[in-house]
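All chains are identified by letter, namely A, B and C, in their written order; residue positions are counted from 1 within each chain.
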Amino acid sequence: MTAPLLSLRGIGVRFPQGGWPRHRFLRAAHAVDLDVGRGEIVALVGESGSGKSTLGRVVARLQEAHAGQLLLDGVDVLRSEPGGASLAYRRRVQLVFQDPFASLNPVHPVGHGVARSLLLHGHATAATVRERVQAGFAAVGLGKELVDRHPYALSGGQRQRVAIARALAVEPELIVADEPTSMLDVSVRTDVLRLFRRLADAESRAVLLVTHDLASARLVSDRAVVLYAGRVMESGPAARVLAEPRHPYARLLAAASRRHDGLAAPLPGRPGTPPVVDPPPGCPFAARCPEAIPACTAADAPVVAVAPDHLVHCHRAEPA
Amino acid sequence: MAEPTVPVLEVQDLSIAYGPVRAVDRVSFAVGRGETVGMVGESGSGKSTAVLGALRLLPAPGRIVGGTARLEGHDLLALDAPALRERWGARVALVPQGALSSLNPLLRVGDHFAETFAAHGVRPSEGGRERAASLLAKVGLDPRHLDSWPHALSGGMRQRVAIALGLALDPPLLVLDEPTTALDVVVEREILLQLVQLQREAGFAMVFVTHDLALLLELATRVAVLYAGRLVEEAPAAVLAAGGARHPYTRGLLAALPPAPGEARLPVSIPGVAANVADPPPGCRYHPRCPLAEPRCSVEAPATRGTTHRVACHLVEGA
Amino acid sequence: MSRGDLRSRVGAALLLLFVLVAVAGPWLVADPVALVAKPLEPPSAEHWLGTTGQGQDVLAQTVVGARSTLLVGVVVGILVVALGAAIGATAGFLGGVADLVLGLVINVSLVMPGLPLMVILAAWLPPGPVTMALVLIFTGWPWHARVVRAQVLALRNRDFVAAAVVRGEPTWRVVAVEILPNLASLLGSSAVGATLYAIGAQVGLEFLGLGDLASVSWGTNLYWATNDSALLVGAWWTFVPTGVCLALVGFGLALLGFALDERANPRLAVSSSGAPGPTPVERTDG
């Protein structure tokens, strides 16, 4: 078993609330462990307030983590590059944004970002860049005539493909995709998701797929990690975690995501919002959990291996 | 069903334009008492425009250029502002997209209800606050939120307030424009379950505008599918859910949906780019992406055929 | 054509006219400082705008004065915006300590009374166009810095800026190539406004006698006109032509400025539709 390409160990991210002295914090992520192997698609699943986007940005080094390690090929880049990501890191880890309308600069033609990526990382010279941009567009299924058009002239699906072409230009080993299809029409989502699958299978590029859409995640992911209130609830093979989850929150999420029950059955969990500001001790889901016991509010949940590669963070889980 | 009744809302050949662009082209649909009609389409389909236009609630520079929209028999397109104001809120209520912008940030929740009651002649002494409190409870909110400010509430809570406001005057028709699009899936589900229960109790009809076809198959009685400003199919939801969709676009939409757990199907995207209403393809607007397209389709726009299952396609029959 | 188009065309036409006058005019008129006739002669066939209190040709002075005034005005207008934008963009994008320090500098500069400062500086430094330019730039840049800083703060969090950072662009390129081009309309309208300010302040200082009295510019024309008691003797032709030119240039710049403002912020454009109400019905279908 080879070492994973990317590892998060005990990552914590917090945002101070209010002015000085800073003693109230919004805890966006806490004690997060996550692995992404080469050529693997890992889905980071959760709702708003789960911390999934924040973690995606930590991996892309747009967001600082105040605790924990970020290991790329075993090297903790938070210690080796404390002042911000090096160009070398930026070549290996790229990011595709959620909003295809906001991630392209409206004053530049859509080929600009791809060209800049190629030039910055030495993948093309001024003489060869135009041809390489066209090749990059073709690789994501876009016609080369679109290279000089401005963003307003392209559809949402086309813009998202441009964003993917831009990320691919540097030939990254890991792509963080932050809700890449949530702002696209349903009828074009599958093609974009399949593109990621192809990148993983044919080019060994790992993908960290940040999403709230379990169905998309199930379609293309190898493994899945479910987050709530910035903490991991369950992680393991996507087929099991997303279709037959063991953690009560993951079960609630799966039940709410189904579209075939006829809106009859009540949901397995009480309404509520994740406690992220100065959270109380214990499991963050305890207040809403149908299976909570006193231990849940007293101490953090233990990590239980219900199968060799399937971990559940729950007091009620039974080990294999 | 019992004897045929006058539909609550009957829209015929409605056309709406923004300047030279026909955003909605001769769309017809009807909503019966207690029914839920889903309007589904993707970006540029005109689903919101059609519904808001029918109610005369479409903001400028949109304008209605043709058709009729009868609410309980009266054509809304022929009424003046005072007559419309009598009906807005009392006979038809709108729950708009994005409850954050539909709630006045300078008014507490309770004041929103007071405003609505006052506009329709319900005096404060006549138990308005009690009614507002009971409405909040009905949508699953603590009645103490009558004194809350909109910014203090979460997105889901604001949407519930918007629904409660819509039901304040017990209208026979509730129109919801993408009410849960911006919400998390668990909150969305909770709100929809609440809405279904409310409808069962109060008996109002609903028009539900959304891009989420899978949701409508569970929620709606009938579904109207729009593409590039035109109606392409209108059928009972049960028929569509059972594989009975006829129009190639509807079939394409259904094929693009993620499969149910256990379903052995892989979703398929519709090739091509959504038609631009500002510069639509000639003839049938879907023909560039349609697997069945024939030469006739790029020349002549298809008529809508059928009665209980309507389809606008040269090659497929209605029913 | 739309209101905006009409305004920008009229404004641009006016300015073009004066630019032509400034560039080509001096070759077509007499020497403005030469004594050509009796002082304070009213307009006549020989001297279309009469003579000054010294006996110089007013038309020549007006035409030649345009060159100095407009040149300093435009150069200062552009430099004020450039300096203000550079400082404001740096403060807005870097944030943190840099923003605190630069923000303090901007705010203190804004609060200092501009007119007295201008007067003091102009009086203390040796007269000439360079001094004038420095004085105007020194007192004019903070406003633009503040405006640009606010816009950069708003754009800094946009995804396309983050995308540039993620692909490894150096900070200066992110600001100069990704952010500032998005402010083009704002910078354009600011430059027009700054030019208007520069011309007005320049003329004001010269009128007070703080400019280079040996040069010929619209401001010094007005200075000499009052100095020679033109008002007392009713010699309107010594200051009205300059005044009218200033008013027209100001008008042209203002029109151009409004049009650019609307491009920068489309919400400023007055819409033709009236008050909100029910969707109008205008049947065109059969």
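As a convention for this text, a residue touches a chain if its C-beta (ideal position, glycine included) is under 8 Å from a C-beta of that chain, and two chains touch if they have at least 3 such contacts.
Remember, it's a predicted structure, so these values are computed and weren't measured experimentally.
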Based on which chains touch which, is the overall arrangement a line, ring, star, complete graph, or other?
complete
Report the chain whose mean Cα position is at the greatest distance from that of chain A.
C
So using the touch definition from the top, which pair is joined by more C-beta contacts, A-C or A-B?
A-B
Quick one: report the Å distance separating chain A from chain C, using the average Cα coordinate of each chain.
50
Averaging over Cα atoms per chain, report the distance between chain A and chain B in Å.
33
Mind pulling up the chain A residues that touch chain C in the complex?
60, 62, 85, 87, 90-91, 94-95, 97-99, 102-108, 113, 116-117, 120-121, 163, 166, 169-170
Complex interface listing, chain B residues touching chain C
13, 15-17, 26, 52-53, 56-67, 77-78, 81, 84
Contacts from chain C onto chain A in the complex sit at residues 158-160, 162-169, 178, 181-182, 184
Could you list, by residue number, the parts of chain B that touch chain A in their complex?
42-43, 140, 154, 184-190, 192-193, 196, 211-215, 217-219, 252-253, 256-261, 266-270, 273-274
Help me check something: in the complex, which residues belonging to chain A touch chain B?
47-48, 155-158, 185-191, 212-216, 218-219, 243, 252-253, 255-263, 266-267, 269, 271, 273
